[in-house]
Amino acid sequence: MTTMKLLEVEELTKSFGGVTAIAGLSFDVPPGNVYSVIGPNGAGKTTLFNMLSGIYQPDEGAIRFQSNDIVGIQPHQVAALGVSRTFQNLQMFFNMSVLDNVMVGCHLRTRTGLLSAALRLPGVKREERESREWARQALAMCSLDRYIGHEAGSLPYGVLKRLEIARALAVQPKLLLMDEPAAGLNDTETMEMQALIRRICEAGITVLLVEHNMGLVMQVSDRILVLDYGSRLAEGTPTEIQKDRKVVEAYLGGEVKYAM
Amino acid sequence: MKRLSGFYLLAALVVLLPIIFPDNYYVTVVGVTALLHAILAVGLNLLMGYAGQISLGHAAFFGIGAYTSAILTTRYGWDPWAAIVVGIALTGSIAFLVSRPILRLKGHYLAMATLGLGIIANIVLVQAGDFTGGPDGLGDIPTLSLFGWALDTDLRWYWVMGATMLGTVWIALNIIDSRSGRALRALHGSEVAAEMMGINTTATKTGVFVLAALTASLAGSLFSHQQSFISPDSFSFFFSIELVTMVVLGGMASTYGAVFGAVVLTFLPELLVVFEDFEVMIFGAILMLMMIFLPQGIFVGLQTPFRRRLTRRESPIADTPGE
Amino acid sequence: MLDQILQFVLTGITVGATYALVALGFSIIYNASDVVNFAQGEFVMIGAMSAIAMSAGENGLSPFLALPLAILLTIGVGIMLQRFAIAPAKGASVVTTIIITIGASIFLRGVALLLWGKDIFALPHFSGEQPIHIGNATLLPQNLWVMGGAALLVIGVHWFFNHTHQGKAILACSCNRTAAQLVGINVGKMMMIAYGLSAFLGAMAGLLVTPITFTSYDAGVMLGLKGFSAAILGGFGNPMGAVAGGVLLGLIESLSAGLISSGYKDAIGFIILLLVLFFRPSGLFGKATAERV
Amino acid sequence: MNIRKTLSTIAAGILLSLAAGQTVAADSIKIGSFLAVTGGASFLGDPELKTLQLYIGEINAGGGVNGKQIELVHYDTGGNPKKSVSFAKRLIQKDKVDLIIGGSTSGSTLAVMPLVDKAGMPFISLAGSVKIIKPVKRWTFKMPHTDAMAAAKIFGDMKRRGISKVALISGSGGFGKSGRTQSLALAPQYGIEIVSDESYGKKDTDMTAQLTKIRDTDAQAILNFGFGTGPAIVTKNVRQLGITLPLYQSHGVASKKYIDLAGDSAEGVRLPAAALLVAEMLPDTDPQKPVLLDYKRKFEAKFGPVSTFGGHAYDGLHIALEAIDRAGSTDKEKVRDQIEKTQGFIGTGGVYNMSPRDHLGLSLDAFKMLEIKNGDWTIVQ
């Protein structure tokens, strides 16, 4: 059974100054899936992501990624295990070019240290060339080839959303956490995003998705987890979720009409 | 190599100046100070401009280097070169020890902590008079010699300082355009995102903090041997501020900008002396005006419109992004 | 021993009250405009120096005229600083604005040097120099003026921000400038009030302490530094924290000069400040800012 | 100096007398100077510069020295030793001056000493520390009394009053620190025990903490080494705390400003100072009296109250010019030799008798012990 679980979350609890954001939440993400987490604002989705990526530490509970316990380790160590993510509020390196942004993603795939970089030792040049090539591939996957020489700060929002994904892909993650990738995008861009998520999944990367656009979620997901007040309301395939009475009452009933 | 074309230009300038203007006060005296300041500014720029960690106490590391060299050579008769190495090792260790708690701080708190560190270091230099010579300073520091070539003229010091400066610039350019350099810039852009890319931001910050301190220590040792006399006034809070001003004035996150800022800020007071009592006021006004109208720094501020015009004409496939 | 400590405490509170006023000025400007104003110490100097200059000599003004004029002048300088140095640099980075205010402080010092020369000056004590004895400890009437004046000013500022329309408007600007603008607050005017208020506090500090401490064109540097330290110690952007930080810093310096080492008292002050920051990275009363992701 | 130079000097002299009234001739005597005219030590550098300008103007109007006009090249160091080094180099290399008078603070002076030695440039320092002339450096001379002399003078006076236990408080600047070191070293020779050793920062505004500690020792007198606002605040704090012990200050406060600032609290304070402050009170037989009165009259006519610091510049300038006059040229080696041979020069600081072993040439008599009474200086007999 262990092979069927890429990520296991067990009895996870986190509260901020008395307000419980996540309460005893458990779920498993199987590999090769697009797994979505939905729920109304304040349901604790981003808090969950922040714990999964090591930015917040849970008060209680366990998180296992490929059977490694990742509670208590630093985000960069989580990244080294093969988890990458994008952010709800863009966390771009606006002080860098598009190519450099994505090359940062190649950090874990290269070895050059400060000293060898300082003296430009022979291996450095080769690694630079490789990194650049990997970055180009990641950019190509997100259809960003034509922005390669631009400064990140000069790009429109929709492009930046994809750039963030390209950067995360350059890490070559096994699990990609995507926090509202379609937020603020127009219809065309949303369709592109949907296709991109599928492509990523087909490339063998498991996607954990938080998204408000129900249309996108229902189209793209293999399984869906519904959160309400930090705990699990329902879990299942899109069809199951759409039929779930609790979900329809608490959440879809209100919002889905507008979103779809 | 396109990447280093600016560097070759700078090198040519450094080499040609004393040849074109031999025995010129502005080249061999003010120039040497400008070169020294450039070394410090380039180091500090790695920390401040690229990694985005402000330091208002950089003079402390400059001072530790200078005083280690001075004390070991004058009081214990050490060879100057050995003293420089020990100075660098000592400064590096101190920087490493303080970096962890200090670099946890952000923004103005970090500014305050580094400022406090600089002031504490200065107070120790003043108060530990039996060891440091106190406010009167330490004299008779021997000069350096390179393979029997004693650095006993301003011109010779110019060459050594120039070579060191170019070395520092070269190293800085190499670092910025590498995996480590991108890590630095990334943590400036977004610390969380940098972590998620697998960058150990704590270690990276520590690394660049120590590197900047080492550069300052080397500069301090050179300063010590060049001046043959040092006193705490040269390592005060005001000098730290001056260094930060050099970096910001030239343009943050630009190595050439840091060099440029250092040169401007070294020559400006030299040129303003003719104004006598008005000097202080004019200096303050120039500083304000430059920062108001070129908030990105003179070098970067003047370069950006120019470069934008270039990139608009060319198709955006430039292989190497600018520094 | 207890007498000694009482004396140290009285001294510390007097010095601390000065720091507190400067720190409060830092805090107000930071709150209103996100700027660390390193020219804050210069306000203190200008308040004191202009009062001295105006009341000096045969044809000097009476103190009752000179002091208010000096305060007005300083407020004017504060507003001009905002108009001509801070406002045009809108959107500049933190470090850039730091350099601008440092430039401004150098500029103001340069002007003071030209106008008033390099001499050290004093103001007369407000109500004599007969020491008041408390046990074996003593203090001057002027010390009471400093403590009392600072206390009144702090209460006044507190009241201004919590109970007046304009005070609340400034706080609104600091929270969200765009939102403030949308609800009809004149942000530009509020900025000028904030800088004017800061300058006013500086001038008051200058007038209150100069009888004890003397002043000269470069007296602002150290005060600015100590005021900034105090504001950070208390938690930057928290006005009452700044006041507490100021008094605390004064006490630390005085007690360590008396009990540990006068040579290292400033170093001890900074070491304590660093230790506080290591354990509370946002100062004693500062709000911890969690990073929003 | 070769014949050609001498001839050209003569030629220049002729030209100069032809073009009488012209300010700077091609071959003038160039005196370089770097002083702390601004910054914390401006009370030293400011009167020093004014004195130099005043007298050089006067001498030029009177025809100069050896028929040559004097040109003053001055830079303001703000009291910063690093700037001093850079300006000293500028004077030597760019301006090619014949002699340097300057270095208001000991730090500035000590910083440039290796430089002038290497360049072979006669240098007359206006700073206080004894380190400047001990050990003697070939090219450096010094005008002001040393801090060691001040300490000796003070301890001598204390001994006469039967004081054997002294509390020391000093500023943390160069002057205060150096004075402290000399005082600690000299005290035993006078049978004096230093029972308390406190210090304060340059910009400190209150010293009651340190003085409270001193009050609770068994000291019989307090000695303060420092300059700027510090000593005035110490004086006020001493009285505020009700301490009735005799208070001694150093020559660092020897200006009327100190009395103005400290006010009534300064009553009874004693300090060693050059005779300039009490010129009128000197007996007419005192050889210094006419010199002092003359300097005082000229300076005060133009700038306001004299301080002893400006006096050092007067002494330095005249010793230098007399040496150039005796040397008959501005050849640096010769000028240096002549400065070293200065004998019986009556200046504001005292009577200077230099020698290869003594580049100051003042004796302890040059200091007068003063006491402040009724807001003015009086001489302690």
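We just call them A, B, C and D in the order they show up, numbering each chain from 1.
We adopt the following convention: a residue touches a chain if its C-beta (ideal position, glycine included) is under 8 Å from a C-beta of that chain, and two chains touch if they have at least 3 such contacts.
No experiment lies behind these values; they were computed from the predicted model shown.
S.K.: What is the chain whose Cα centroid lies farthest from the Cα centroid of chain A?
M.R.: Chain centre farthest from chain A's centre: D.
S.K.: Of the pairs B-C and B-D, which shows more C-beta pairs in contact?
M.R.: Between the two chain pairs, B-C has more contacting C-beta pairs.
S.K.: Specify the chain with the shortest distance from its C-alpha centroid to the centroid of every protein C-alpha atom present.
M.R.: Nearest to the common C-alpha centre lies chain B.
S.K.: Round to the nearest whole Å and give the separation of the Cα centres of chain B and chain C.
M.R.: A distance of 32 Å separates the two centres.
S.K.: Suppose each chain is reduced to the average of its Cα coordinates; what separation in Å results between chain A and chain D?
M.R.: Taking the mean C-alpha position of each chain, the two centres sit 73 Å apart.
S.K.: Between chain A and chain C, what is the gap in Å from one C-alpha centre to the other?
M.R.: Measuring from centre to centre gives 48 Å for this pair.
S.K.: List the centre-to-centre spacing of chain B and chain D in whole Å, with centres computed as mean CA coordinates.
M.R.: About 37 Å separates the centre of chain B from that of chain D.
S.K.: What are the residue numbers in chain D that touch two or more other chains?
M.R.: Within chain D, residues 37-38, 172, 199 contact more than one other chain.
S.K.: Two or more other chains touching the same residue: where does that happen in chain A?
M.R.: Where chain A meets two or more other chains at a single residue, that happens at 55, 87, 91.
S.K.: Can you list the chain B residues in contact with two or more other chains?
M.R.: 127, 192, 277, 279-280
S.K.: Residues of chain D touching chain C in their complex?
M.R.: 37-40, 42-43, 46, 172, 198-203, 205-206, 208-210, 212-213, 216, 228-229, 232-233, 236, 239-242, 257, 260-261, 263-265
S.K.: Contact residues on chain A for chain B in the complex?
M.R.: Residues 53-55, 74-76, 79-80, 84-85, 87, 91-97, 99-100, 103-108, 110, 112-114, 117-120, 124, 127-128, 131-132, 146-150, 167-168, 171.
S.K.: Of all residues in chain B, which touch chain D in the complex?
M.R.: These residues of chain B touch chain D: 23, 25-26, 28-30, 33, 126-127, 129, 134-137, 139-140, 152, 154, 227-229, 231, 233-234, 269-270, 273, 276-277, 279-280.
S.K.: In the complex of these two chains, what residues of chain D are touching chain B?
M.R.: 37-38, 75-76, 79-83, 85-86, 89-90, 93-94, 106-107, 110-115, 118, 129, 131, 172-174, 177-178, 181, 199
S.K.: State the interface residues of chain C toward chain B in the complex, per the touch definition above.
M.R.: 30, 36, 85, 88-89, 91-96, 98-100, 102-111, 113-114, 225, 228-229, 232, 236, 263-264, 266-267, 270-271, 273-274, 277-278, 281-283, 291, 293
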